[in-house]
Amino acid sequence: MAFLTSDLIDAAALSRDVGASHHGAITTFIGSVRDTHNGRAVVRLTYTAYHAMAELECAAIVREAESRWPVRAALQHRVGDLQIGDAAVAIAIGAGLRDEGFAACRWVIEAVKRRVPIWKQEFYADGTDAWVDPVTL
Amino acid sequence: MAFLTSDLIDAAALSRDVGASHHGAITTFIGSVRDTHNGRAVVRLTYTAYHAMAELECAAIVREAESRWPVRAALQHRVGDLQIGDAAVAIAIGAGLRDEGFAACRWVIEAVKRRVPIWKQEFYADGTDAWVDPVTL
Amino acid sequence: MTHHRVLLFARYAELLGAGEVAVELSHDATAADCIAALRTLPGGDLLPSHPVLVRNHAIVTGAVVLDPSDELALLPPLAGG
Amino acid sequence: MTHHRVLLFARYAELLGAGEVAVELSHDATAADCIAALRTLPGGDLLPSHPVLVRNHAIVTGAVVLDPSDELALLPPLAGG
């Protein structure tokens, strides 16, 4: 399965992918499109990717998470046009222990933001648009 | 919606419940039934609850999470007979910031384990069964 | 004497053979008196030394005076989640 | 001189008006030479002082010598996730 998708992300499917009879703790994170950004009303947005490199980085992040912790990791990032409320990124971690699940889930989302070549263009209610610079949340 | 359910938990529905146009970060935790416990092969298990008190405690936990952090929290715990892989507990947190989402999700699962009057009886492949004492994982 | 019903769960229900038992207590009896009475029931001697008693869904300490209208329950160590 | 194609994305693609541009570099040209050449293109003067250049999907520093077979790309600050 590709890490980038232009279809709606099925987070439940990611959870099923990492579930296993010995993985009793499944932690997920979904980042979805908010209707405001820095006080401006957002109506939709577009994610653009350097596809080949983004796929490689996502694969590397999953591999690294699975070597740092005894977990199974799954990851998808949406590209193309997104509406308010759509999932932009989804992560699922299957772990034997919830400590490790939470730690790995948190690590993966930070790695995605730091390493995967994807860019976000927001379109505002006033008709303007902007490439969004990364912000530390 | 009751916090305790004898039906399969629909974790995706919990995520939808806490999603909102201003909650861009949804964190979930699912604890599911593992096929082994302390090295013994588990074939199924039963959760028993002090229903009235468990419902009150779950409501209190959600209320406290929502007052500690600017989040929306949802929680369900399964009771009755569960099969391997079934979700025993599911938590979903909708947050504006992922830091707060992860913190609240982690806090809720620990509070559930510490405060909600629910007991687990495991049935093993060798035909025996046992009430499981809580373990620190 | 007053009549008090006590809910039992999980391992404690197995020990005493019922999900609910009745105990007769003196007027102004405390939570500790209630637990002592539970110990005199068949199987009650197998209860731990300090089981958790809850009254109207809140844990009470031994010195708390009980009322016959209270909902009482004896809780084994919790194992949800 | 060797011919190098450079992929552009997001804001940089808008600045230079294309998702891919070509630059002519001397043999043994470095990443820094490539970025300097990109600056001479229309709109290239609006690039930041130290844009990130990646070669075959890995970030390179200015001193790295490029090969015409390399896949080059100039990455604006990432904003996924």
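Letters A, B, C and D name the chains as they come in the text, with residue numbers starting at 1 for each one.
Assume contacts are C-beta pairs under 8 Å (C-beta built on N, C-alpha and C of every residue); 3 or more make two chains touch, one makes a residue touch a chain.
Quick caveat, the model's predicted, so the values are computed rather than measured.
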Any chain that touches subunit C and subunit A: B
Longest centre-to-centre distance from subunit A, chain (CA-based): C
Approximate Å spacing (C-alpha centroids) for the pair subunit A, subunit B: 24
Length of the line joining the C-alpha centres of subunit C and subunit D, rounded to whole Å: 75
Between subunit D and subunit A, distance of the C-alpha-averaged centres to the nearest whole Å: 27
Residues of subunit D whose C-beta touches two or more other chains: none
Junction residues of subunit A, two or more chains touched: 31, 109
Chain pairs in mutual contact under the definition given at the outset: A-B, A-D, B-C
Residue ranges of subunit D touching subunit A (in the complex, touch as defined): 7, 9-11, 14, 54, 57, 71, 73, 75-81
Complex contact set, residues of subunit B against subunit C: 31, 47-50, 52-54, 56-57, 77, 88-89, 109, 112-121, 131-134
Residues on subunit A engaged by subunit B in the complex (per definition of touch): 11-12, 15, 19, 21-36, 84-85, 96-99, 101-102, 105-106, 109, 137
